[in-house]
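Below is one structure. I have some questions about it.
As written, the chain order gives the labels A, B, C and D, with residue 1 at the start of each chain.
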Amino acid sequence: MLDVALYGAGRIGKIHAGNLVRQPGVRLKYVVDVDAAAAAELAQRYGAEVAPVDAPFADPSVGVVAIASSTDTHADLILRAAAAGKHIFCEKPVDLALDRARVCAQAVAKAGVRCLIGFQRRYDPTFAAVKERIVAGEIGEPEMLVVTSRDPGAPPVSYIKASGGIFKDMLIHDFDIFRWILDDPAVSVHAEASCLTDPAIAAAGDADCTAVTIRTRRGRLCVINTSRRAAYGYDQRFEVLGSKGMLQAGNHRPTEVVASTATAVSADLPEHFFLERYRVAYANEMAHFFDALASGKPLRTTVDDGLAALELADAATRSWQEGRIVAL
Amino acid sequence: MLDVALYGAGRIGKIHAGNLVRQPGVRLKYVVDVDAAAAAELAQRYGAEVAPVDAPFADPSVGVVAIASSTDTHADLILRAAAAGKHIFCEKPVDLALDRARVCAQAVAKAGVRCLIGFQRRYDPTFAAVKERIVAGEIGEPEMLVVTSRDPGAPPVSYIKASGGIFKDMLIHDFDIFRWILDDPAVSVHAEASCLTDPAIAAAGDADCTAVTIRTRRGRLCVINTSRRAAYGYDQRFEVLGSKGMLQAGNHRPTEVVASTATAVSADLPEHFFLERYRVAYANEMAHFFDALASGKPLRTTVDDGLAALELADAATRSWQEGRIVAL
Amino acid sequence: MLDVALYGAGRIGKIHAGNLVRQPGVRLKYVVDVDAAAAAELAQRYGAEVAPVDAPFADPSVGVVAIASSTDTHADLILRAAAAGKHIFCEKPVDLALDRARVCAQAVAKAGVRCLIGFQRRYDPTFAAVKERIVAGEIGEPEMLVVTSRDPGAPPVSYIKASGGIFKDMLIHDFDIFRWILDDPAVSVHAEASCLTDPAIAAAGDADCTAVTIRTRRGRLCVINTSRRAAYGYDQRFEVLGSKGMLQAGNHRPTEVVASTATAVSADLPEHFFLERYRVAYANEMAHFFDALASGKPLRTTVDDGLAALELADAATRSWQEGRIVAL
Amino acid sequence: MLDVALYGAGRIGKIHAGNLVRQPGVRLKYVVDVDAAAAAELAQRYGAEVAPVDAPFADPSVGVVAIASSTDTHADLILRAAAAGKHIFCEKPVDLALDRARVCAQAVAKAGVRCLIGFQRRYDPTFAAVKERIVAGEIGEPEMLVVTSRDPGAPPVSYIKASGGIFKDMLIHDFDIFRWILDDPAVSVHAEASCLTDPAIAAAGDADCTAVTIRTRRGRLCVINTSRRAAYGYDQRFEVLGSKGMLQAGNHRPTEVVASTATAVSADLPEHFFLERYRVAYANEMAHFFDALASGKPLRTTVDDGLAALELADAATRSWQEGRIVAL
């Protein structure tokens, strides 16, 4: 039986807890959260104990630390888990600061523990199928990637102020998709951004929509367009043009109902937001993590992927702020 | 130059006139209509003459008689055209009465003239592609045909009273699709029908929606469902299940716009009615007619097809009225 | 804690077991199967005991009997469970014989136990959304229902011989959809059927494709077309035409990938068969059952629904075998 | 009767000729082409005369000059037509050189003649419907435009060498779409490009795929991605995200057939190339031109639009070649 300590009993912590307890041979032993009530409720639900921050690191029965707490705690928990020789499952990002993320990556490497960073999109059935079909050669050589990534609505400005900015907070996922799908290092990044939904976001020094162009070493192009607002819901698409064709990953819908009325032929809106859209991805991600631990096979998304996506987000931020193309 | 006399200057007559004059080597010489103003307007538009009913039959320069006048005039005009040795392009149906339609078919055969009956759906790009792909073996042996055929709204009851009933007026096209697509003679017909949109239709002895099942000699099944009313427009679909797959003919839309709003993801309604939906089919039909005349190749839809579809419509009418399965 | 005894540890039994154990306050206490190994494996997986057939009925702690064993055992187990005052969750059908199914319905009523019959389609998110939207008036009065129901391939002839025939084995679900969606009693049934995929099915006295027409008391029409074989997988669609529009329930796909190559623009095949297609429906069905037990709210699919669907299947079988329209 | 002189009897000249002769009150009087045989064939087909370059300008009966000859002749013909007081219908581009295009715009303005530049996409039913629906407020304020524009295959390198480069030759249409749809002046352009399909294109100093970002005065963003090669045909899509939703213009298909086989559910490829895709657009464009001449209403695409699109293409070319963001 593999004992797990979960840090974070909020929205995403609950999702991970539910997936954790379904893994064969895995037990949720501890739940840690500054919100004692939340920790207690989640712990009780799955027969776990509430613990203070330090305790799980000191418990030799704990083999895995799962981190779903706030972003500013990730690096510290990763470092402590690595030091304690625990394997790590950590929500993205590693940290908002590049140098600190590098320290984490080095610590993980030195400790020889496994560390999955939660780029859950790579575990989505649709996205993963596109990757597999590219690898299988279905569209020949990939040449261009177009990513569309839009949230249903902007988060509160208080959130945005602590978010690291739209490139690190929101596009970090899209940069990971870029790295995974094109599998060719970026040589330059150009980012344009604007603030159109709420002046308070601009006042906080951030943008709410972006257009990013990345050029790779082999001359492939990637275009990412994002917005903090889409009236129709969570828009998560990408398409890959290759020498022999195109693969498109489309949105998922709650149902397959089509209504034909006097005004239009209509389908459902996309799944509303990430908890719905990536429900299966989160489950697959957790299963993959424990499978990899058991089998010794490589993790699909490591701390190094977290670091690399952050480097792109950092470059994009500078490109936008300085109004220039950033070479990598 | 091949001279044509057109009978009927109404809605469908105008469509045919426009297509006629685009055929190379073809001239619209006469327009005939009881509505003198309509005849004059159409004749003037294309540089033709208005003529009384008899004149074109007596003019040896006329090689083709095109019949787009009211249904009750079709048989008489076919007989006169055949007697005068003119080739015939005639809107469906041949006649509402089976015996009279048979007389027409015999007269055409005896005269040795060509006679196209306007089952325009066979000339529709989508429908014709399905037929070609079946013939090419793409779905193996066809086993089941499901036809959905719905009008945007019921015609006036005055029209319905003279229409011959829904099976002869509306389903005649669907019976032709059945014959064309499955290419296997019917051995039995069962028809159910109902009147749900307007009691006046029931009072006139007719129905406004139907469900027909046909069994063929080789045991294939065909299901036709129709309605006089579809709030969303003209619904013209069919699908063919074969041993190796399925081919579906879908509706055509005016544009390929998709709108995603706060309530739904919506596409255009289907093309509103037959004049829009079958615009290209009517043009293809006319081109096919003159190509066949010039090349001697067989017509895709002949007076015999008109007779055969009428026989099915007649059987379906009896099945419904007598509440029994009709053997053929 | 509500203790459950599960009869049947086969394919569908495993599905139900997995869903059972996720219900809060529910415990899988016994697993019963003539295949001792299958029973042991499933029991062990969820910490249950293997039991002989009789034991659970005698155990007062057992509140629910879940029946997923072979069709010929359903009626007997229902009767014993009712006699023992246990609530019942039973896979369809109640029984292949109408009179025996009636006895079961009477026994359930007399015992005052709850009995859900597993018409899982009513719990499918897409199908349930159509029903809700009809009830909400989105398409006005329903007028016509077209059901398309095709399996990826025919079962072994040995299965077919014991199946009660295609109408009772396969269309029983479609008859239930008809009853649920149109909510208007059938007054007549016409069934046509054919055997096109395998002569051995005909030799066994059965058919492999069918076309059924049902007329309701209010004059609504329902058309069901089915086949035992669809090369492209499990085809589960229906559409409802109403006075104000149409609602269509489409197939579900494993992913939302679209591939554009030199030959076509292609999407995934439908979910392969019922275990994949109705995975969520089975989970919803089980949750609904225990919710209804806890709340006292009505069950969505009862033994009376099982009986009524069987009556339609019986009428359709007679219609086909006797070549006539059957009045109800 | 309005007499027209057509310059250019090639592929696009034939399309325009066919549309010209269908306009009421319009006569094709002259056809001019350096290829005498092509000119003769086209002239004969529509009862026109073959003429040398100068003749039509000297013929006072000629009211309109239609220019469909090679790009390097456009400016000269525009200037001569303006000088002769003829209205002008001219294929894009005005000229490859910005200063020369400016001279043309000035000459047209000074002469007071009308001059339509053939940005035919604005006359496409799908694209025009998107524009109308934006103007009608359906998606609130437009915020982001994503244009995808891909040819089925690259033209010969000899063509590319004389084309002015991919931005002026291919993206000129996309820049026009940007101007038309967002209706907000560009303030900066960033262009990235690459050569992946054929090294000979790179050797000629050109690229075969591009990614362009435009920022407008009001902070809206436009992203254009293009490629000279798409294995699946001519890909012509754009989508507009607005404050209240999104409108997408999708590809057109030859038919609405969907095939479900053992491997996939497949639809037709998009219309193969611009002659097929924009067949209706070309017809609408010509009708619009003569309607505008007759009514005095403004032209939808003028020589000033031609100039403005060229300015963007010029800026994009410099952005790519100089590796910097170009301010406008």
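Here is the rule we go by: a residue touches a chain if its C-beta (ideal position, glycine included) is under 8 Å from a C-beta of that chain, and two chains touch if they have at least 3 such contacts.
Given the structure is predicted, the values throughout are model-derived calculations rather than measurements.
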Pair of chains joined by more contacts [C-beta pairs], A-B or A-D:
A-D
Longest centre-to-centre distance from chain B, chain (CA-based):
A
Centroid spacing, where centroids are CA-atom means, of chain A and chain D in whole angstrom:
42
Averaging over Cα atoms per chain, report the distance between chain A and chain B in Å.
57
What residues in chain B touch two or more of the other chains?
139, 230-232, 235, 244-246, 259-262
Going by the contact rule set out above, which residues of chain A touch chain B in the complex?
230-232, 235, 259-270
Mind pulling up the chain D residues that touch chain B in the complex?
125-126, 129-130, 133, 138-139, 244-252, 254-262
So in the complex, the part of chain C that touches chain B is made up of which residues?
139-141, 143-144, 146, 148, 150, 188, 190, 192-197, 209-211, 213, 215, 219-223, 225, 227, 229-232, 235, 241-246, 323-325
